[in-house]
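Multiple structures are listed underneath, in C-alpha cells.
Next, two complexes with chain A in common: one pairs it with chain B, the other with chain C.
Up next, the complex of A and B:
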C-alpha cells in the first residue's frame, strides 16, 4: 500500500496534467459508451413494449406533418361528431397524456393525468405493484384510478383523491385502485428510445360519457394518439376523410409495421450512425489514452527504472499500475454516475412528472445496465492500457532508461 | 573469501539475433573483490551489469549468484535481491528529480521487508554524515551539484549494506576532485562493508583504483 501511495503522490501526480488528461479521456469514452448503451437498451425496451401493437387491423393515427393544420378553427361540436361516429362504427383505443392536475404531494410535483379507455387498457399490459386493476363499469361517481409509485405513500390503495379534472374542469373524486410498478413507463411509438415515466401520473379511465363532457384539448389530443382496432384499410380511409371534412385536420393512419419501418428507416438509421460514431470516438479515446500512456512512460521511465533497481518487481509494478488505473477508472465511473444522477434529479428540480424517476440516486434499471456495460468496457480498457504499459516498460533497458 | 558470482555466458543476442555479444564470457567474483570492466562502446559492458544485477535474464548461459542459478529465480525473488544485496551506482543523473535527496536515498526502504528498519535508519544517519550529504537532504537533485548528486546516488546504493555494488560509469560527468571523492567512497565501502565492487568505466585512472581490470573486446 505504501508503494502505491508513493507512486500516486510522488510519481503520477507530479505530472498531474497527464493524470487529468487521462481522466478526461476515460470520462469521454465512458460517457459515449453509456449514452449509446442506454439508448440501445431503451430502444429494445420500447420495441418489446410496442410489439403488442403489431396486430392485423390495428392502425395508429398520426397528424400529417406535411399539412399545415389549423387548430384554432376547430370547435368541440366538430370533434364530438368525430367521437360519435367513432363510437358507433369503430373499435378504438385512447391512451392520451399531457394534462396536469393540481394534486398535493410532498414533492410538489405536477401530477400528470393519462386518460385511457377500456380498449386501450385491455391492449396494454399494465403491471401493478399493489392493488387491483381498474374496471370501466361505473365512472360517474368515484372513479377508480391507478397511480404512479411516487404518489403511493400519500395516496395508498383505497384512498380518495379530490381534484379539479383538467379536461372537464369539474371537481372529481378518484379512488386509488392500484399502484403502478416503480418507474413504470410508456415508450413513444415513433421514437422507441424515448419514454414518459408514470411515477407521478394517474391513469384515469374514460368512456363515451366522459369524452362528451371533456374539453377540446382532450378531443384533439386523443385523436393524435388514436388507435383503431379490428379495422380495414377502407374503414380507416373513411375515418380519415371524415375527420378532415369535419375538423379540417389531416391524419395519417399507419400500422405498427409501417411505424417500425419508419423507425428503422429514419430513427434506427440515425441510431446506427450514432453507434458507429460512438465506436469511432471510443477507439479515438482509447488511442488518446494509449498516446497519453506512452507520454507518461516516456516522462516517467527514469522514475520507474530507479524503482526497479532498488527493489520494485515487475509483478509489483503491474499490481501498482492496476490499482492506480483502477482508481482513475473508478473516479471517471463515479463522475459519470454522478452526472447521470444529476441529470435524473434535474427532472425533480423542474417538477417535471413525466421524467421523474425513482431509485437509488434516481437511477433506473437501464441506467444501471448501461453503467455495468461501461464498467465491463472500463475493465477491458484498463487491462489493455496496463498490459501495454508493462510491455513498453519491460522493453526498455533499465540503465539506458535512467540515462535518457 | 567465498565465491559470490560465477558467470558463464555463451552469448547474448541483440537486434533479433543479428548481433551477438558477451560470446563465451566467463567471470568469477569473490566476496570483497574490486573489479573494473573496460572496453569500447557496444562491447556489452552495460549488458554485463544488467545480467549481474538480475535485470536481464535473456541470455544463453549460466549465472550463479549466492549459490543460486539466476534464471531459476522468480521476478519477485530477483527484486528482493536487488533491494537487499545489490546496490546500483549509476551516473549522477540517476536520482529522481521530483524527490528530495533524502527521499531518493531512502527509496529502497519502500520495497524492503527488513524488520530492523531502525538499524537502517541509523545507517542512513551514519552514511549521510560521513558522505557530507546532511545539509542536502531537503534539497531536490537539481538544486545540487554533480558531485553532490553522485554522493547521494552512492548513499542510496549502500543504504541496505549490499554485498555487491554495480557501478556504471559512476564518475563520467564529474570533475577530477569529485571523481576522486567518489572513488574514495567506493574504496571505503569495499573496506568497511566488505562489499564487492564491479565498476564499468571508460576511464583508465578509475579502472586503476580496482584490484582487477577486465578488458572486453569486440569479436569481429
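Up next, the complex of A and C:
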C-alpha cells in the first residue's frame, strides 16, 4: 500500500495531465459502451414484450405518415360511427395513453392515465407486485384500476382515488385493485428501444359505454394504437376505407407478416450497425489509451528505472500498475454511474411521470446490466493496458543510461 | 522547418491529433443533422451520443494538451542546449509557435475536405481552432530555459 501511495503521489500525479487524459479517454469509452449496451438490452426487452403481437390475424393501425391529415375537421359523431362499427364487426384492442389526471401525490407528479379495453388487457401480460388483476364487468360505479409502484404508498390496494376523468371530464371514483411491478414499462411498438415507465400511471379499464361518453381526444388517440384481432386483409381494408370516408384520416394497418419483417429486418440491421459503431469507437478509445500509455512510459521511464535499480521487482511493479489502473477505472466507472443516475433523476426534477424510475440511485435493471457489461470490458481493457505497459518497460534495458 | 523542435514523427503525430479532433467534430455534427428528431433504433442511439457533442469534442481536445505537455517535457534538454549554443528563448518560442500554428492550419484545411464531402458548413470547426490556439499559446509559455 505504501508503495502504491508513493507511486501515485510521486510518479503518476506529478504528471497529472496524463492521468486526467487517461481518465477522460476511459470515461468516453465507458459511456459509449454503456449507451450501446443499454440500447441493445432495451431493444431486446421491447422485442420480447411485443412478440405477443406477432400472431396471425393481428393488425396494428398507424397514421399514414405520407398523407397530410386534417384533425381539425373531425367531429365526435364521425369517430363514434367508427367505434360503433368496430364494436359490431371486429374484435379490437385499445391501450391508449397520454392523458394526465390531477391526483395528489407526495412527489407532485402528473399522473398519466392509460385506458385499456378487455381485449388489450388479455393480450398483454401485466404483472402485479400486489393485489388482483382487474375485471371488466361493472365499470359504472367504482372502477377497479391498477396503479404504478410510485403511487402504492399513498394509494394501497383497496383504497379509493377520486379524480376528474381526463377523458369524460366527470368526477370518477377508482378503486385500487392491484399495484404494478416496480419500473413496469411499456415499449413503443415502432421504437422498441423506447419505453414509457408506469410508476406514476393508472391502468383504467374501458368498455363500449365509456367510449361513447369520452371525448374526441380519446377517440382519435385510440385509433392511432388500435389493434385488430382475428381479422383478415379484406376486413382490414374495409375498415381502413370506412375510417377514411367517415373521418378523413388515412391509416395503415400492418399485418403480422409486415410486422415480422419490420422487427426482424429493420431491428437486426439496426443492432448490427450499433454494434459495429460501438466496436469502432471502442477500438479508437483503446488506441488512444495505448497512445497515452506510451507517452506515460516515455515520461516516467526514469522514475521506473530508479526504482527498479534500487530493488523494485517486475512482479511488484506489475501489481502497483494493476492497483493504479484499478483506481483509475473505478473513478471512471463511478463517474459514469453518477452521470447515468443524474440523467434518471432529471426526469424527477422535470416531473416527467412517464420517465420517472424507482430504485437505488433511480437506476433500473437494464442500467445495472449495462454497467456490469462496462465493468467487464473495463477489466479486459485494464489487463490489456497494464500488460502492454509491462512489455514496453521490460524491453527498455535497465541501466544508468536511461537516466541521462 | 530548419532548427525546429519538431521531428518528422512529432509533426505527424500532432497533425493526426488535430485532424482526429476536427473529423470527430464534423462527423458528430453530420450525425446530429441526419438523425435529428429520429426515434428509430439507430437514431436514438446516435442522438444519445450527439446530445453531448460539445463535451465529447472538448474532451478530445485534451489529447492536444497531452501531446503539448509531453512534447515540451521531452524537449527540455534540447531547449537548454539550443540556448547554450546561442539561440534566444524568444527565438525558440517564436519558432515553436509558428510551426505549431502551421501544422494546425494544415490539418484544418485537410479536414475541410470531409466537411465538403458531407456538405456541412466549413465554419463548424472554427471554435476548435480557437481552443487549439489557446493551447498552443499556453504551451509556448512552457518553452523556456531552466
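Please note the rule applied: the second predicted complex is superposed on the first by the 389 of 404 C-alpha atoms of A that agree within 3 Å, B and C clash if a C-alpha of one lies under 4 Å from a C-alpha of the other, contacts with A are read in each partner's own complex, and residues count from 1 in each chain.
One rule holds for everything that comes next: a residue touches a chain if its C-beta (ideal position, glycine included) is under 8 Å from a C-beta of that chain, and two chains touch if they have at least 3 such contacts.
Please read all numbers here as calculations on a predicted model, not as lab measurements.
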Touched partner set for A:41, first chain B, second chain C, both or neither: neither
First (chain B), second (chain C), both or neither touched by A:216: neither
Contacts of A:369 with chain B and chain C, given as first, second, both or neither: neither
Partner chain in contact with A:288 - chain B first, chain C second, else both or neither: second
If touched residues of chain A are counted for chain B and for chain C, the larger one: C
Chain B versus chain C as contact partner of A:298, first or second or both or neither: second
First, second, both or neither for A:11, with chain B first and chain C second: first
Chain A positions touched by chain B in one structure and by chain C in the second: none
Chain A-touching residues of chain B, taken from the complex the two chains share: 46, 49-50, 53, 55-56, 75-76, 78-80, 82-84, 88, 90-91, 93-99, 103, 107-108, 110-112, 156, 168
Touching residues (chain side chain A, partner chain B) in the complex: 2-3, 6, 10-11, 14, 302-303, 306-316, 397-400, 402-403
Chain C - residues contacting chain A, complex: 39-42, 44-45, 48-49, 52, 56, 59-60, 62-63, 65-67, 69-70, 73-74
Residues on chain A engaged by chain C in the complex (per definition of touch): 15, 17-18, 20-21, 24, 27-28, 31-32, 35-36, 39, 43, 188, 190-194, 266-267, 270-271, 273-274, 277, 288, 292, 295, 298-299
